[in-house]
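For reference, chains read A, B, C and D in written order, and residue numbers begin at 1 within each chain.
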Amino acid sequence: MSIVFYILAALTVAGGLAAMLLRNTVHCALALTVAFAGLALLFLNLDAQFAGFAQILVYIGAVAILVVFAILLTRGSETPKEGVYSRSWLAGLAIAAAVFAVLGWAVLQSARVLPHETAVPAVTVQQIGVALVGRYVLPLEIVAVLLTSALIGAVIIAIHEKVGHEKEEHK
Amino acid sequence: MTPLAGYLLVAALLFSIGLAGALTRRNAILVLIGIELMLNAANLNLIAFWRYGPHPEALTGMMFAIFSIAVAAAEAAVGLGLVIQIHRHAKTTDLDQMNRMKG
Amino acid sequence: MIDTCDQIFVLLQHWLVSFLPAAWQTAAGVLLSVAAIVCLFPALFALTTVFERKGLARIQNRLGPNRVGPFGFFQPIADGIKSLTKEDIVPLSADAAVHFLAPVLLVVTVFMGFAVLPMGRNMVLVDLDAGLLFYFAMGASSELAVFMAGWSSRNKYSLLGAMRAVAQMISYEVPLLLSSVVVVMITGSLSLTKIVEAQNHYTWGLPHWYIFTPWGFAGFLMYAIATTAETNRSPFDLPEGESELVAGYHTEYSGFKFALFFLGEYVAMFSISGLGTTLFLGGWSAPFSFLTWVPSWIWFFSKLMLSIFVFIWMRGTLPRLRQDQLMNFAWKFVLPMCLLNLMVAGLWRFMGDGWLRWVVCSAILLLAYVGLGLGEMRRQRLGPRSYRYAE
Amino acid sequence: MQEAISIAPQLSASPITEILWLIPAVPVVAAGLSALLKQAGRKTAATLAIGSLSFSLLLSLVAFVHVLSGWMAGISTREVVNFTWIQFGTSNVDLGWVLDPLSAIMLVMVSFVGLLIFIYSTGYMEHDENYTRFFCFMSLFAGAMLGVVIANSLLLLFMCWEIVGLTSYLLIGFWYQKPSAAAAAKKAFLTTRVGDIFFLLGIVWLFAQTGTLLFYNHGAGSLESASLFMLLTQPATLGLTAAGAIGLLIFAGAAGKSGQFPLHVWLPDAMEGPTPVSALIHAATMVAAGVYLIARVYPLMAAGALAGGTTTALTVVTWVGAFTAVFAALIAVAQNDIKRILAYSTVSQLGYMMAGLGMGGVAVGIFHLITHAFFKALLFLGAGSVIHGCNEEQNVRRMGGLKSDMPLTFLTYAIGMLALCGFPLLFSGFWSKDGILEAAQHWSVAKAPLYMLVFGALLTAFYMTRQVAYVFFGHWRGGKPAHESPSVMLVPLGILSFFAVVLGFIGTPAWPWFRAFLNGKVAEFDLNVLMERELLTLMGISTLVVFVGIGVAWSFYGDRTPKPTAPDALEKTMPIAWGWLSHKFFVDEFYGMTVIAFYGWWGRVSDWLDRRVWGGTVAGVAWTFALCARLNRFLDTNVVDGSFDKGCEELNVGGGLLSQVQTGRVQTYLRILAFAVVALAAILIWSSRA
């Protein structure tokens, strides 16, 4: 366990915690990007170059921006008066803690049989590309269809229904 | 502790943080953020298992993670679109106030 | 001798590093390269501002800066001193931390892009296998910096400017990526050094640059359009339109932070021009086979400066677009062309050598260009100008 | 090993063989395209059909020239392209196509005659509203027929064979609104199926024995020596070898398609279809497919024959062929429908071909097939022209004197008739029929076929003369006056009559080019052969027979003008024989009384069984169930419903309780979900530890 891993893990977890704890929604979104960046660095630390850069491109470049836009469009940057946590926050926290306990327990239980350091896998981007259009071509096509339908679906969901809206305004 | 166990623990922690956020926050967008965090924790697991698994050259975990990233992007787009539409409709993104199934 | 000239920087680095213990040499080498980049591009930035102001002045039939130093060439030094000594104002209601982080993040992500750009033979900081992906990942991150700047200022002009900028950058990132993917398809690699190597061949003394193929030419045009929008340069400079938004997302910045934004924008322009040079213009390879004795880095930087000149030229020539025109242009013209270009590149790849693929690919692209262009033109109904007034 | 051979295209196959599949494929594609056309797309349909077949003809000619040049250079060409169609377990089914002299000649013949008939059809079918459908079927037929010709696998041949049968069915029933046409189509389809079942059995047997259905596969095909040797050593029943038995089964299929006795009954009825169909399918090509099939599997049929000897299979073929030849010719004498006479004539001539194959080998039979294709197509098209000119009149007794009304039709028809009769020296029919007679003369088993075939030739001359006398001589006995046909119909007639004359000269005994070409030998021109005593005698006899036949017929029918209703001249002389002949030896009636009657009886028995026995059983079961149901209803209303109502109340209460869980709060759901996951994981881990 290298020192780099501990730093990155701390950064990621701190980012995640901040994203879930901060009061200001935009700050939460920015903390989320920190968590994303930390995860990307963890990926790089795991020698998954492609996945790491894809993580940055997709999550920081697109998802984070999307979240930020959504926050601004829903006026979510103003902290509400009634508090940011739901009424049953204690139950939620307890359950999350239970989940962590179970997961952690499971990991520690099986820590003995988990593999130790292995050789760095020599995987080039070209191999990933060949696998994507070779063995994994069907999932790739399905993801392409999914993305297209998600694009159309998101547009249809979020589209401004002009007629109805104008009527409301006139009232 | 083996490196894999370390990564798995970090992923578990991140997952729990995401879950806690999704369970406790009022704002729908932040619930979505929590879910994104959970997804990312799963990705970290996938990549870690790929790296320390017996057959990294098969690329299975890596592919899983890449597809998961793509699907998560779609999920975020649709989810946020829904949130925006809900906001337009109910003038709020507070999940505690959105407990009616009738529009 | 020629080789020494070509590799002079590499040799210099090796020589300097050789004084250190072996364990430190790698780290020191990287540090040295980073330092060189961090010093070089701001200097180039300073030089470019003068050139831009003087060039624009020539286009607009003025003189431009001519007071400080010979022919006004010390103007950037004066400007630099001014911005460093100016008071750093942070608005009272601003989000101080984010307000501070925004310019830093911008400059950092922009400089990160240079890490994978080959600036000459063997002159690349890290030769990443997924270099292009890394570059675009960094480019995408800079959008966040823009948003942070606009949002943290608590100023509606800043916020609107930031939103415009981010929307524009996201919209044009799609064609930017798609036009680059074409090169990746043909080269079969995301590594920028491999892309340059693939172009560094000559037939009859002429280079195999990708711009000299039908898909490469179309791709380069799309790339150039997308980069202009991506760097918020005229005619796509709506986010900074002074007449509408005061100055866009950095309205509330002053002093050194403002200078950082200014620097970041120009360096982004350099790096994206460098990427365009690498992808389409053969990177550091010479334009004719008999000119290969000229050091490779000279070619890289001259191509880069040529691109910068085109940027300045466009700024002096073209009027600004409207927001809806900008979006329509991106989604209804550039994107379809890019998608078609992808198909053409595939066709090119599988048709094999021979004149036929030239004819077919060129014909498809030309037809699409004319067809889409005519469609766009027809939609533009030019009529008497209508005025709208605030109610 | 077989895989390696069949998957990779063979190196020896020339480019033309590689693209040989285009010849059938193009007409089939044209058929598919014209199937999509609307009824109004007449021009397009005709253009598609004719264009595609012209393309096929072009390719066929190229293939023919390729084979021809190989032959000239002294190489006997047999190129095959095979590929694996289906693979199951260790064995696989291969398909493929072959280019050899036989298939090359057949390709040219089928596409050429087909093209002429297509062109003719544009005129003949001009006023039909289902013009596009017609050309669609015709193209499909042409494609499938060409497929039969090039097939190198018995299975591929069978597939195309069945498509050919299908198109035959569709085209016979083209005017399906006529009940007689629909019935004829059905009859043709069912009768040929009888033969096809035997054929299929033969195929399966062959596959079971040799493991391949390819004809030629570089020594591994079923027609090559290794397989044949194996088949010969396998005994079957009745003292037959496996080769002989399979050969006989395949011959049964061929007999069905080629209208050999006793499966000939469908062919005369098939004349209900449009005349070009009769010409193309039921005279020139499809019915010849049976002959072609026998020629194709000839090595199998002849396997085990010593030099000059014969095999059981070939003997059967000979006898059936010879018998059919005489039998059908006899019936043809007493028919009055112009197309029916030709149909029986076709059956008779197919018998000749079969007999030729059986006695003289491939070349003799196929030579008659080729010449017959041309002159019989000519006769049918001529008959079509006559029918067209006489306003759809088909009864020869109501025609007459058309010699002057339709001079060009008469001229070409006369050429066809003389060729069919085997008029000496000048006409192709003479030479090809002579070849068969010569083979019969040398046949070692029996002399009877020779006499039968000579008698058949006499009858042929007789009925053709009778027909021509009725149709073209005397004076007009019909209603509306006749008129000459358009030139689009006459030009194919002219071309066909040209070939009906000249084709004979490629197969005279003096210059047996055709035989040499098929057998891969060199053709020598030697007039002295004609002067051999034996041959001269035979030629003299056949000439004499032809003249006698024509003379006798002319004496009965020449230049007289009997009333349509008056009894036939022959009927007056021999009323009893005439009765038998005009009723086609009562074969149809015989079938009606035996096979069909049996099926009818069996159908009635089944119906009775169905109604009484099974129906009764079902009714009994139903009644029992109804009784049970009544009992059940009683229980339901009084016992079950009460408890059910109680249960429903409970459910309502339970639902009310459960609906408390459905709060509409997403986070509550998520919480329950997460809790469940935790519980499940804990249980799993706990249990795995134990």
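Assume a residue touches a chain if its C-beta (ideal position, glycine included) is under 8 Å from a C-beta of that chain, and two chains touch if they have at least 3 such contacts.
Nothing here was measured: the structure is a model prediction, and the numbers come from that model.
Colleague: What is the chain whose Cα centroid lies farthest from the Cα centroid of subunit D?
Modeller: C
Colleague: Cα centroid separation between subunit B and subunit D, in whole Å?
Modeller: Chain centres of subunit B and subunit D, defined by C-alpha means, are spaced 68 Å apart.
Colleague: I'd like the Å distance between the centres of subunit C and subunit D, where a centre is the mean of that chain's Cα atoms.
Modeller: Once rounded, the distance between the two centres reads 74 Å.
Colleague: With chain centres defined as C-alpha means, what is the inter-centre distance between subunit A and subunit B in Å?
Modeller: Going by mean C-alpha positions, subunit A sits 5 Å from subunit B.
Colleague: Distance-wise, how many Å sit between the C-alpha centres of subunit B and subunit C, to the nearest whole number?
Modeller: So the centroids are 34 Å from each other.
Colleague: Out of subunit B, which residues touch more than one other chain, so two or more?
Modeller: 19, 23-24, 95-96
Colleague: Touching at least two other chains at once: which residues of subunit D meet that condition?
Modeller: 667, 671, 674
Colleague: Sort out which chains touch which and give me every pair.
Modeller: Every touching chain pair, ordered by label, is A-B, A-C, A-D, B-D.
Colleague: Using the touch rule from the top, collect the residues of subunit A that touch subunit D in their complex.
Modeller: 86, 88, 91-92, 95-96, 98-99, 101-103, 105-106, 109
Colleague: Please output the residues of subunit B touching subunit A within their complex, sorted ascending.
Modeller: 1-10, 12-21, 23-27, 29-30, 32-34, 36-37, 40, 43-44, 47-48, 50-54, 56-57, 59, 62-63, 65-67, 69-78, 80-85, 87, 93-96
Colleague: Sort out for me which residues of subunit C touch subunit A in the complex.
Modeller: Listed in rising order, the residues are 95, 98, 128-130, 133-134, 136-141, 143-144, 147-148, 151, 159, 163, 166, 170, 173, 188-191.
Colleague: Considering only the defined contacts, which subunit D positions touch subunit B in the complex?
Modeller: Residues 663-667, 670-671, 674 of subunit D touch subunit B in their complex.
Colleague: Okay, in this complex, where on subunit B does subunit D touch?
Modeller: Residues 19, 22-24, 31, 95-96, 98-101.
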